[in-house]
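In what comes next, chain A is part of two complexes: it sits with chain B in the first one and with chain C in the second one.
Up next, the complex of A and B:
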């Protein structure tokens, strides 16, 4: 009974993924061609190339910043939803979070495009009010635009993860802490924070992976100043026809994601004990 | 008391930040004039008329519908079978199968898209809506599987035994007992799958052929020019991606068990 599903995932994901890994060790022979010789040079090229290095720092840095902002910004809201709202309002709030999570990713990006663009709402308002004479072009096509959109798109996930972790904290624990004389800040840092750390790490890693591997947001809102790693991978494949090169870069990215995940979850567990 | 209201105000602002950009798009999709500027000049449906009279948008809507519907049908059949198989029979390797079926959800879309693209190029498969559909299948199967497996976990198999005792064959038992009981969850899962496929842009970007889906048309239109009808077509995309809402209640019940 499970055979069809296994076949779908196996045939349309596991095989292509393994194929990609194999390709990353082959030699590219120009446009789209591949020679079947084992080589490690794609990896060396990928890691050594100064342009790629700059873009990699940029992509991973932007992803880490977005993930950190999401988790930190989500904490107060998750705390409020979990502990300060009555059940009915809590359910409504969670419902809204789920809605925003499912709200079309592309539409949200487009929304920021219309808000920050040169003919967008912010600029026309500023000109209308006489604050500036010309549209501020740095609003869009910048890292800041990409960062704002990332936070807007991925924040609901952090809120959801943290809220569901906080729902598992028994309210008595918070009352006990308060009865023992702990200030709210101390209760938060000593009770709530440790008990939700695993969820926070999960939300951080998820957001980090999806943002630093994103193609669409930097392409729409980043302008020429912010090429993304995903952009480079796609260029290697589509424009340059260098499949082994693109495969190597995406394998390096995947490796970084795995390392970030393993290190953070180890750290969390180690600190948790 | 002051602290509490501070947190409340913060949460309210956070919700405003989450929803106001999308609200702007929806509002301006009904705008009378082409500008994206306040004050709002009044309601009209002209941008929706523009969308439906444009062959590019119409084709894209049809293409997206086709991909989403085929994805839903295949995933419901394949995913339900897998859900029953994994939850009912403790066979050797059932944990491995479960892990395999959830595995795509842990992969970044870029990796799935690139892996598929390079595989299709290498095996000389022509990129088309079918390759897109295959990509979507892989991407959405874990989510559907999760929903169905959660429902089947708390399924009372005694009911099936009783049906058998009363003389019903395996097929009749499935059709008359099992299916009606799990149907609400299947529908909920199917709506989630539809929403995900309808809005998918990342894997689609790499696996698309000559025919574009709706998200890709929006993406390339936005990149090239300012076209107010994008507001209207975005609102349609939004409506499709929020179809799952009708199933939220059922999902919450299933996944909390």
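Up next, the complex of A and C:
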């Protein structure tokens, strides 16, 4: 019964991952060529290269910021949908959250040109209102623009995950907390937060992984800081034909993601403030 | 030498040619291998020699789908093109080395400077020039002599046949600024945060070599010279608005008014921008020098149905097809005889009368370093330096 699932997961996930790990310990012999000699040098280069360090710092930093903002911003929305909205409107609210995902990722990125661009909605409004004399150029083609785009894309996922978790909280628990004199903030921190911590960690890790490894958003919106770790990996494989080098950087990224998940999963046992 | 490019004609504006677009050019078209498996005798061949499928892997537009002379030929001979487009030239390298392209694709292209590199990687097969008689229409520069022997005809074989070329300088919004007369113009305060630097390391390094006075046609620069070239681009980057990810995206940026200039540039961006409603984008090659490129058809090793491919390539060198390619691609033809068949606007785009001078002296064909002696920067060094520049 499980054989088909094992085959799919094994073939689509495990085998490619193992291939990547094996490649990371090989020696590159020129474009596309490898020698089957074991070496740690690819990992040493990946960790010690100043360019990779700079890019990694920016990529993981942006990813963490986007993930944190998504989770923090998702909580009020998820709480409202789960506990304040009548059941009749809940599905509509979830649909409105999800509807943005129906549009192509690339189209949504380009849409930010019309919102944050020099002639976009924000700058046009600011100039018309007399708040600024000329367009604010930092709104787009900057790390701010990348962060805004990341939050825009991944916030719906965080809302969905937290809403799903909150809907498993029995309303009686919240009533009991209020009956015992807990203020709304305390109810949230001692009841809702611990019971949704697993979903929050999941949302954070999901957003962190996808944003840290994103290729397109930094390229289109990042301005003169448009390189991400994904671009570096791509260059290693495609431009340089250095599969072991690209594989090593990928494995280091994977290790960082695993460490982040392991550390944050300890929060699932947190009992609240 | 200043090389002003006119705006493209209305006829060009109705087609979308997105060279090097990030995603727009990715994987358009059907899988050639799947189609080959499904294809039985569907293609009615009117010629016993040239018929069947051509599986093309290269830049969108280079499959010559829109040229009437090529369309008519395909219909007459029962040839079907299945195209997969690339985002960067490196995609071609990757596909035919580790990417499983050999045996699947039977037609591709390489930019002149990649010739020896690709031959070293055993990507192209030697061509049987008796099957491409129309190549005689190409200018002597492309057929024989020192330039041809560097990139297409060496080690005793003809590896590829050049069919189109162009010049890379600066694109600019002619309604907002005057034509830049130097790359250093972009460092002036009035250009601060108003222009883009294109993510094209080969063109950038070649242009940078011209600007810093170290240019060599064989692209052999010491590491100190490469550092000097990158330092020039860093000063540009400090004044720039962004690094432009692709030439297609460059057109979007001009059309939306985000930039007034970009370099390295490409004349075809004039056409892309016009298609998006901005007919004011022009291209100029500053006097310091520019990068010029020349793309050539090659047949990959392991290619099938090469008779159809040879016949297709041969048709692409007919004068009629060359004139139509120049109009559609907004690039220059290699056949001087095709110039009289072009409309006035297309004819004026490139210096056909001075073609040899331009491609050998003013803007020699860009190339990548191969087999460099110790102490000189390798292509890996170029890519690493560019990664560091962008970081």
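Just so we're on the same page, the second predicted complex is superposed on the first by the 231 of 273 C-alpha atoms of A that agree within 3 Å, B and C clash if a C-alpha of one lies under 4 Å from a C-alpha of the other, contacts with A are read in each partner's own complex, and residues count from 1 in each chain.
We take it that a residue touches a chain if its C-beta (ideal position, glycine included) is under 8 Å from a C-beta of that chain, and two chains touch if they have at least 3 such contacts.
Note that the coordinates shown come from a computational prediction; the quantities given were computed from them, not determined experimentally.
After overlaying the two complexes on the shared chain, residue contacts for A:220 are found with chain B and with chain C alike.
When the two complexes are overlaid on their common chain A, residue A:194 makes contact with neither chain B nor chain C. Once chain A of one complex is fitted onto chain A of the other, the partner contacts of A:113 extend to both chain B and chain C.
Looking at the shared chain after the overlay, A:209 reaches chain B, while chain C stays out of its contact range. Touch criterion not met for A:61: it reaches neither chain B nor chain C. In the superposed model, A:243 lies in contact with both chain B and chain C.
Measured by the number of chain A residues touched, the leading partner among chain B and chain C is B. Touch criterion met: A:95 reaches chain B, while chain C stays clear of it.
Shared interface residues of chain A, touching chain B in one complex and chain C in the other, are 32, 106, 110, 113-114, 117, 119, 216, 219-220, 237, 243. Of all the residues in chain A, the ones that touch chain C in their complex are 31-32, 51, 54-55, 106, 110, 113-114, 117-119, 137, 140-141, 216, 219-220, 222-224, 226-227, 231-232, 235, 237-243.
Residues of chain B that touch chain A in their complex: 3-4, 7-8, 10-11, 14-15, 17-19, 21-22, 24-25, 28, 35-38, 74, 77-79, 81-82, 84-86, 89, 94, 97, 100-101, 103-104, 107-112, 114-119, 121-122, 134-135, 137-138, 141, 145, 195, 199, 201-202, 205-206, 215, 218-219, 222-223, 226, 230-231, 234-235, 237-238, 240-242, 244-245, 248.
Within the complex formed with chain B, the chain A residues making contact are 1-2, 4-6, 8-10, 12-17, 19-20, 23, 32, 34, 73, 76-77, 79-81, 84, 93, 95-96, 98-100, 102-108, 110-115, 117, 119-121, 124-125, 128, 152, 155-156, 159, 184, 209-210, 213-216, 219-220, 230, 233-234, 237, 243, 246-247, 250, 253-254, 257.
Interface residues of chain C facing chain A in the complex, by the touch rule stated above, are 22-23, 88, 90-91, 93-94, 97-98, 117, 121, 193, 197, 199, 237, 240-243, 245, 249, 252, 256-258, 380, 383-384, 387-388, 390-391.
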